[in-house]
Each structure stands twice: as structure tokens, then as C-alpha cells.
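The two complexes that follow have chain A in common; it is paired with chain B in the first and with chain C in the second.
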Partner chain A sequence: MENYLLAMAVFAGCTALMALGLNVIFGLAGMINLGLVGFFAIGAYASALLTVKLHLPLVLAWPAAIFAAAACGVAVALITARLRGDYLAIVTLGFSEVIRLVASNEIWLTNGTDGISAIPAPGRGVLSPLLFNLQFVVIVWIAVGVAALLIARLSAAPFGRVLRAIREDDVIASVAGKRVLRFKLQAFAIGAGLMGLAGALYAHFNAYIAPDSFQPLVTIYVVLALTAGGTGTMRGAVLGAVLVVALTEGTRFLGGVVPGLAPVQIAALREAIIGVVLILVLTYRPGGIIPETSRTHRLETS
Partner chain B sequence: MTLRTSRRAALLGGLAAPFVSRLAAAQTGPIRLGTLTPQTGAGGPYGPAMVKVAQALVGEINAAGGVAGRRIELVSEDDETNPDAGVRAARKLIDVEKVSAIIGTWASAVTTAVAPLCWENKVMLFTVSGADSITKLPHQGYIIRTQPNTYLQSATAAKYLASTGAKTVFALSAQTPFAVDSYNRLSDVLAQGGAKAVGDVIYDASKTSFRSEIDQALKTKPDALFLNSYTPDLAVILRELFRAGYEGRKFTFGYAANAKLLDTVGAEVAEGLISFSPSPDLDSPAFAKVRAILGAEPDPYSCQVHDHISLAALAIGKAGAGTGTAIHDNLRAIGDAAGTKITSAVEGLKLLAAGKAVNFEGASGPCKFTPAGDIEGCRFRFDVAEKGKYRLLSLI
Partner chain C sequence: MTGDLPQLLINGLLAGTQLAVPAIGFTTIFAVLRFPSFAIASHATIGAYAGYIANVWLGLPAGVALLAAFIVAGLFGVATDEIALRRLRTSGPLTVAIASVALTIVLENLVRFGFGNDQRGYALAVLRDWRVDLGALGMVRIGPQQVQNAGAAAVAMGLLFLFLGFTRTGKMMRAVADNPMLASLKGIDADRVAQLANFIGMGLAGFGGMLVAMDTAVDPLTGFRVMLSIFAAAVVGGLGSIPGAVLGAFVVGVGEEFSIILLDPTYRTAVGFLAILIVLSFRPRGLLGERAI
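Let's look at the complex of A and B:
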């Protein structure tokens, strides 16, 4: 049981990192990004290939994964610079599918649909599974903590203020003399970099990645984590990620609680419960569990 | 002082008691097996029937007194046809449910993702996935696959083609991870049968015309064409072959030559197309049992799950212990050629309890495995398209 809980804590941490990344792009800068699984995949593949094929150490592979994902983030942001709202959502969704198709077809590089196995990680096979998982929980959650702190500082700084201004109305921001495109590129790079880091951590913990691991469903869970937790707040993003993993995994234990159901019915019930809980959260807490407090409002009252 | 020590001892004893009883339970409590099948996602049409067969069979074994005096408890998880969800489900099965075997992984990506967890935790993995790469993993014997891989399928195709008297064979293959391996194996086995593979073109399946590929193939005047295709591209190829007036043999996989193909191209174009597919052992009593459980014609995967459960139960019966390692060590001993031939686990468990050797043959076939964990051979069926219908040519 402990092993299982620790492994789920690692997955929750990866989801939290992605939710934090999305929080910069969507929560602060207001750009709808449905392509985040693409950045997750780039981070995972970059780190996996560098360590498996070029035998680079993790301390180099992980920063490289962040850089690769951030660079792709900048490229996507440049291509989509003039797109907003639904259009941006569709193009980014398309981007993540392109990444998955490239991973399936460029067999010489990615080994195609067979995927990459035996991705190294410190202590695999040497440490007991319990210690190995524990080590990854520590690594992943330190990353989450540092990322949350840094982004919270960024959000409180003038940089964050400009992003929020762009979110509310980018014309006004540019009239005020802010170079909107540059801020958007920076936000995309930071967000995509965090998703890339999540991908790298995931790949090395899991030891195996394949194009099928990067389905749009991952994006949907992260978007749900952020909106349920509270768009725009760091604690909300992390709490939402934990909630989503707890929900998707906790419902596995339904079989023991509700007797007399066939596994296919339990599978359907799981999906229904996950959907209903998220609808309830968003109905009764539209701003998420920890909503963003309005800073202008605070100014007025003080 | 003495009082204190005894108190301490009592305390220690009290603390240790749950562990002791848990240890005892591990040897007398139920043996747990897990199914990890697709209940949702692309594999969703297959998973429910697989679990139904597994549950019915476990029920039957328990009703007959269980295995080695213990009951089998089945825990079923959904892999969502997704490697990520599959890994989480497998972790639950291994870490929380403490299963000795995971049965029925379907998608190759799920099997590859779950496999390392299994061999690291000494849990046996029974799979129906086809990708050749799976049994090449460093699995230390903890993977058993009942689905014939590309290697075996290509060899079977080559043997059949050689037996029909074809001297030269040309292959047209859609671009897949197994296209090259498949042709190489075809070529080797044809050579053993006195025939020759004269060439291979790998094409992009999404193209709408294959004129140049077909010209290239027909230039060699092959006796037979091996069409390693999927249904949409096969339809285009058959039409163009018909137009080109090709009269040699056309040979393809059963998954490509389906009812939809006949609807698309019509009877005349498809005439004479021979297709082959791995087949359950249609005459086996085990196959009849799977059919009775499902109340419908079983698919190959349900038949294989029947065999997975039976193999696991028999190996445990042979070992007298319910661990993954026990299954791993005794799996091949229950296919003892000198033993009594059996097709049901209950029957076999009785013989094993009486100290006799058994030779298990299941619903999917003989269930003999290579050292790498691949099935040595299975039944194949050959069908020919005649007047817009498929007719069973032979079952080998």
C-alpha cells in the first residue's frame, strides 16, 4: 500500500508541475493552451533520449528537457501570436497531436509505437521499491515547491501584473506601452518549461514512455486540476492536481465498496463519479477551491 | 525488574502479533490474481468478455475446492487502453492487492509499460499483446504471451505459400513497426521451403494510389503476392491488381480481409484472396466452455484469458505455493508431453493433487512456450474469398 501511495504522490507531483505551468500561460496571461501534453511529451522524450541514447547524466538531461520544451513553447507562441480564445485552443490541441504523431512515426529516433523502455533513474533496482519511490516523491515535490514559490513571486512582481493586464485586455496593455508579444512568449516559455520538467520526471520514474502515454486526456486532467483548484493561484493549482489524482485513483477502490458490479460497470461508474465531482466543484466554487483574490478590490478597501 | 521485562516482552509480542498472523494468512488465505484488461478506450470491446471468462473460471476452480487448499480471489482493474493508466492500475494490483499474476494486458504499449513493475516485484504477467519487442525485454521469464508474434505469423504465412507451390513471392507492406521484420522472416522460411522472396515494397498506407508499387511488384512476375496491409489500402491494391490483370495468388492477414473489404471492392475484385489469422482451437472442449460462458462466439482474447487463468492455477497447484515465483517456476512443467492431456484447470488440479503429470492444452491452442515466453505454435485458419463470401479453406 505504501508503495502505491508514494507512486501516486509522484504522479500527483507531475500533474501539479503541469498545472503550475498552465497557471502561468492560462491563469496569469489568459492564453488557452490545450497543447500542454505536447510539451510534457517533449520533455519526456528529450530527457529519455539524452540518457538512453547519449548516456548523459540526469543533471544535464533534466535542464535540457526544460530547455527543449521551453523552446517549443516559444515557437508555438510565435506561430499563434495573433490567435486568441477558441482559435488558440484548437491550434495548441493540434500541436500536441502533431507531437504524438511525430513520436509514433519517426521510428529511427523515438522507436515509434514500441516506445522507449529502460529509461534510467538513480537507484532503480538497487534501492528497495519503497526507498526508490520515496526518493522520487522528494525530488518531484521539491520541484513543485520551488516552482510554486518562484511563480508566486513572479506573479506578485510587475511581470505578473503585466501578464494579468494582458489577460484582461491586451490592447490596453499595449497602449500602456507593454510589449505584449514579448510577455506572451516569456509566459509560454516558463509554462512549457515546467511541463517539460514534469515530462522528464515522469519518464524517469516510469522507466517507459510511448506515444500512447501522451493522449489529450492528460491535458484535460491538468486543465481540470487548475480550474477546480483555482485558476491564477499557486496553492489552487497544486491542490487541484492532488484532488484530480486522488479522484481518478481513489475511485479504483469502488469495486471493494460497491458489490455486485461487473468490472466494466465499475469502469463506467468511475468515469461518471470523476465527472460529477468536477461539475459539482465548478458549480459551487466557480473560481475553484482556492479562488484568485482580486487585487484591485483590495486596493479599494485599503 | 522482571515484571518490567515481561511487560516489555508482552508489548513486543502484542505488536508482533498482527505481523505473525498476516504471515500465516499469506500461506493459508486466498491466492490473489489480477486481471488488467481494457474496459474503456480502444480495447473496450474486448475487455468485458475477457474478465467474464476469468471470473467464471475462477468461480469454477473455487467451487471444486480451490488450488492447493486455498481459494483464488480475482481482482479486476481497467487499463483504459492507456499505458499511463495501466501503470497506475498495475501498481494498485501489485502494491495494494498483492496479486501473484497479472492477466490479460491487451495493448502492446500497456504491456510494455507494466512489464518492468511485474518482473521487479516477481509478479507473473500473462499478455495477449502482439508486438515482437515485448518478449525481448529483460523480463527474466516473468512474461508469458499466448498471442502469436509477427515472427510466428510470418513463418506460418511463408510455409503455407510454399506449400501451395508458389516459387516466387513479392511482398507489399504498409509502413508499420513490424514490416521489415515480417518480410525478413517470410524470406527465410520461404527459402527453407524451396521458394524465394523476390522483393518487398514498403508503402505509406495513407496514399490513394499504389500504381508504381504494383508495377514494381508485377515486373518480377511473382507466383504470389504477400499483402501486409490494412483494409483501406488493401482495397485500393486489390482494385489496381484487378485492373492490371494479375492472376497469381493474393495472400493477406485476416484482420485486413474482413466483411468491410468485400463490401468495398465487390466479389469480382476480391475473388481468390486468401487470408489467414491465428485461431483458437475450435474443436477443443476448452473452446466450447468459453463459448458457453460468453453465450456467443468467443474472440481469440477471451480464449487466451481462459488459458492464462488455467495456466496460473495449474502452476500454483503444481508448486503448492501461490507466489508469482511459484507460477514462474512451474509454468512449463504443466505442459509435460508425457503427462495426461487435459483441457480444464479443475481436471488438471485433481491429477496434480494425486501427484500425476499433466499436459495442458487450452482454448487458444497447445500453450507451449519458448524460453523467451512466446507461444511456440498455435492454430491458424485460412479463408478464401469466393463469390463475395469467405470460405474456410483449412485449419492448421
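Let's look at the complex of A and C:
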């Protein structure tokens, strides 16, 4: 049971990292990203391949994973920068599906749908499972803490102010002399980099990744985490991530409560619940549990 | 390889005709409600299952089952919009788009809850391919089922064209798509038109979903598998434009077939994504521009 809870804490940390990344791209800069699982996948595959195939140490593989995801983020942002939000939603979702397609088909590199196994991690097999999990909880949550602090600083700095200005109206931001494209690229790079880091941590903790680990549902988990916690705030993103993992794991015990359900029915119900909760939150609590407080005097337009 | 070109072209045109139906559905909803509805995927799946129930359980012919697919998916579209999405419209199109992703996951899993993950097929007569000799261009094979599907798609599109062009309600819809403010000044009930757009849009998605499932199989992911192609067709042609969706569907349908000359066939579904990127890089509003419904 302790092992299970610790593993959940690791997954919650990975979700929190992604929610923080989405907070930069969507929460601050206002660019929708429905393909964030693609950046998660890039980070996971980059780090896994570098350590398994090239035997790089983790201290090199993890930064490389962040860099790979951030570079892809810049590429996606470059292509989509001129596009309106609705196009961006479609393109980012398409991007993540293409990543999954590549992961399934480039068997020479990714081992296809069989996935990559035996991804190394410090202390695996040496430490007891309990200690190993505990160590990973510490690593992941330190990463979450550092990321949250840095982004909170960025958000309070002029950089964050420009991003919020772009979110509210990018024409006005550019009229004010801000180089909107550069800020959008930077926001996308930071956000995608965090998602890549989450992917790398996930891959090494789980020891196994396959294209099926990177379903669009993961994107919905993270969107739900950020929306439920509070779009635009760091504490909200982290709190939301913990709640989402608690919700997805809590429903795992549904089978014990509702008798007579086949496993596929329980799995279906669990996924459906996530969707229902997201719609409920968007409808009744769009600001989340910790809503973003206005930093400036804003005209109330109702 | 060039000997296959006529064959690929025919396959692509037939596939494009099928794809045009759900693409028109998607673009109609966008034209009236101004958000990209990701729920199009689950409604295509619902249509495929409605057709399956009509065709296999009730023993109705495929043509009647297609009508059932249209009506059931359309009614689901109206109901789910009423329950889940309508109240979010004031929060902006992006919020509704996100909610529609959640909705599609909910509906897909309700289907999975009821029917499981098994792949199912319709009760269709297996027909032999026609072989046509094109002389110097070689032989081409044409599947009668694909031709029937394309015919059904053409009939559906023709009816929609007559409806939008010549009925009062159809003109009302076009008015709202063109200028919602002006339409409301003229006393057009926006809620009624929104419901109608959902019924027609999701109905066409269901119709198209069954066409696709007749070609492949019925399972909870039937709609999701073609979602990217549907988006691609609508975006390539210009979001909100019905002629654009038809043109885009042909571009994507033919492009997906021709891609096997260069790419591994498993990358077929990536072709739609590539088409989106290429078209948006040069014509950010699509080939025919937005809003020509």
C-alpha cells in the first residue's frame, strides 16, 4: 500500500509538472495546447533512448529530454503563431497524434508498440522498492517545487506581464512594442520543456514506455488539473494535479463498489468520469479552486 | 508505381466523397457556433453503432440504417450540446472546444461501456470488385461497396444543399452563420438555429461514421480514427465553408491514397496533419476562405 501511494505521488508530481507547463502556455500566454501529451512523449522517448541505446547518464539525458521537447515546442509555435485559437487546438491535437504514430511505426528506433523496457534509474534493484519509490518522490517533487518557484518568479516579472497582455489581446501587446512572436515562442519552449521533463521522469520511474502511454486522455488529465486548480496560478496547477491523480486512482476501486461490472466497463466508467468532472468544473468553477487574482485594475465588463 | 496512379486516384476520390460528409458536419457546427467541435469523433462512432443496431439487430437494409445513423447521432448532438456545452458558450470558443474534447471522451466510453471493445461488422453482401480496363492506363479495380457509399454520401450532400439553398430554415441557418448580430435583429431565434446546426452537423457525422465503419469496422474508436482526416478536410478547405469542406475532403482523400507512393501506409493518418500544416502556412484561412456556408 505504501508503495502504491508513493507511486501515485510520483505520477501526481509528473502531472503537476505538465500542469505548470500548460500554465505557462495557456494560463499565462493564452495559447491552447491540446497536444501536450506529445511533448510528454518526446521527453520520455528522448531520455529513454539516450540512456538505453547510448548509455548516457541521467544528468545528461534529462536536460536533453527537456531540450528536445522545448525545441519541438518552438517548432509547433513557429508554425501556429499566426493561427487563431481554434486552429491551434486542432493543430496541437494533430501533432500529438502524429508523435504517437511515429512512436508506433519507427520500430528501428522506438521498438514500435512493444515499447522500450528496462529504462534505467538510480538505485533500481539496489534499493528496496519502498526506498526506490521514496527517492523518486523526492526527485519529482523537488523538480515540481523548483519549477513552480521559477515560473512564479517569471509570472511576477515583466515577462509574465507581457504574456498576460498577449493572452488578453496580442494586437495591443504588439502595438505596445512587445515582440509577440518571440514571447509566444519562449512561452511554448518553457511549457514544452517542463512537459518533456515530466515525460523523462515518468519514463525512468516506470522503466517502460510504449505509444499507448501517450493517449490524448493524458492531455485531458492535465487540462483538468490546471482548470480545477486555477488557470494562471502555480499553487492551483499543483493542487489540481494532486486532485486529478486522487480522482483517477480513487475510481480504480469502483469495481469493488459496483458489483457485476466487467473490467472493460469499469475502465470505461473511469475515463468517462474524468470527462464529466472536466465539464462540471468548466461550467460551475471556471476559475478553479485557486482563481487568478487580478494584478492590475481592470475594467469590469460584464 | 505510376501504373497504380489511376487506381489510387479512384480510391482517393471515393474516400474523399465519404469523408466530405462528416467534414461538412464539422464545418456546419463551426459556421454557426464558432468553435471546433471535437465531439464530432464520438458522434461518428454513435452513428456507426446506431447503424449497426438498425442493420444487424433489427435486420434493416443498409440505406435505412444510414438514415438511423443520421437521426440518432443528430439527436445525441442536440441533447449533449444542451446538457454539456450550451452554458459554456458565454465563456468563449476555446472553453467550449476543451469541453467538447471531454464530451467526446465521455460518449466514447459510454459506447465502450455498452458494447465493449469488440470490432463488429455490418450485415452486408460481399460483392466482387469491378474490373475496368482503361487501355493504356491499365486495369483498375473498383469496390461496389465504396461506390455505394460514395453514392449515399452524394445523396446526403445533395439534400443538404437543397435544404440550405431553398428552404426558409436553411436560409435562416446561413443568415446566422454569415452574421449572427444581423440575424438576431431580423428576429431569427439563435437557439433554434444552434439546435438545428447541432442536429444536422452531428447527424452528418453519424452518417459519415457509418460509411467509414462499413469500409472498416464498428468499434468505440471508429470516429476517433478519422477525426484528424475530418479536421484536415475542413481546415484545408476553410473552416465554416461547406464547399471548402467538400474540396478539402477530396484533397485529403486523394492525398492519403497518393501518400503510399512516398510513405509507409501506416502514416496515412499523418497526411491530414501535413495537409493542414501546408495549407495553413500559405493560406491561413484555407483554400476557399472561411464562412462561405
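Quick note on the criterion: the second predicted complex is superposed on the first by the 265 of 302 C-alpha atoms of A that agree within 3 Å, B and C clash if a C-alpha of one lies under 4 Å from a C-alpha of the other, contacts with A are read in each partner's own complex, and residues count from 1 in each chain.
The rule we apply is simple: contacts are C-beta pairs under 8 Å (C-beta built on N, C-alpha and C of every residue); 3 or more make two chains touch, one makes a residue touch a chain.
Only a predicted model underlies this, so the values are computations on that prediction, with no experimental measurement involved.
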Chain B versus chain C as contact partner of A:223, first or second or both or neither: second
A:293 touches, of chain B and chain C: first, second, both or neither? neither
Partner chain in contact with A:1 - chain B first, chain C second, else both or neither: first
Which of chain B and chain C A:272 touches, first, second, both or neither: second
Contacts of A:264 with chain B and chain C, given as first, second, both or neither: both
Partner chain in contact with A:252 - chain B first, chain C second, else both or neither: first
Residues of chain A contacting chain B in one complex and chain C in the other: 217, 262, 264, 267-268, 271
Residues on chain C engaged by chain A in the complex (per definition of touch): 30, 35-36, 38, 84, 87-88, 91, 93-95, 97-99, 101-106, 109-110, 112-113, 116-117, 228, 231-232, 235, 239, 264, 266-267, 269-270, 272-273, 276-277, 280-281, 284
Contact set on chain A toward chain C in their complex: 32, 34, 79, 82-83, 85-87, 89-91, 93-95, 97-98, 101, 104-105, 216-217, 219-220, 223-224, 227, 262, 264-265, 267-269, 271-272, 274-276, 278-279, 282-283, 286
Interfacial residue positions of chain A with respect to chain B in the complex: 1-4, 7-8, 11, 107, 112-115, 117-118, 125, 129, 206-208, 210-213, 215, 217-218, 248-249, 252, 255, 262-264, 266-268, 270-271
Complex contact set, residues of chain B against chain A: 35, 37, 39-40, 47-48, 51-52, 75-78, 80, 82-84, 87-89, 91-92, 94-96, 107-110, 112-113, 116, 120-121, 131, 133, 137-138, 177
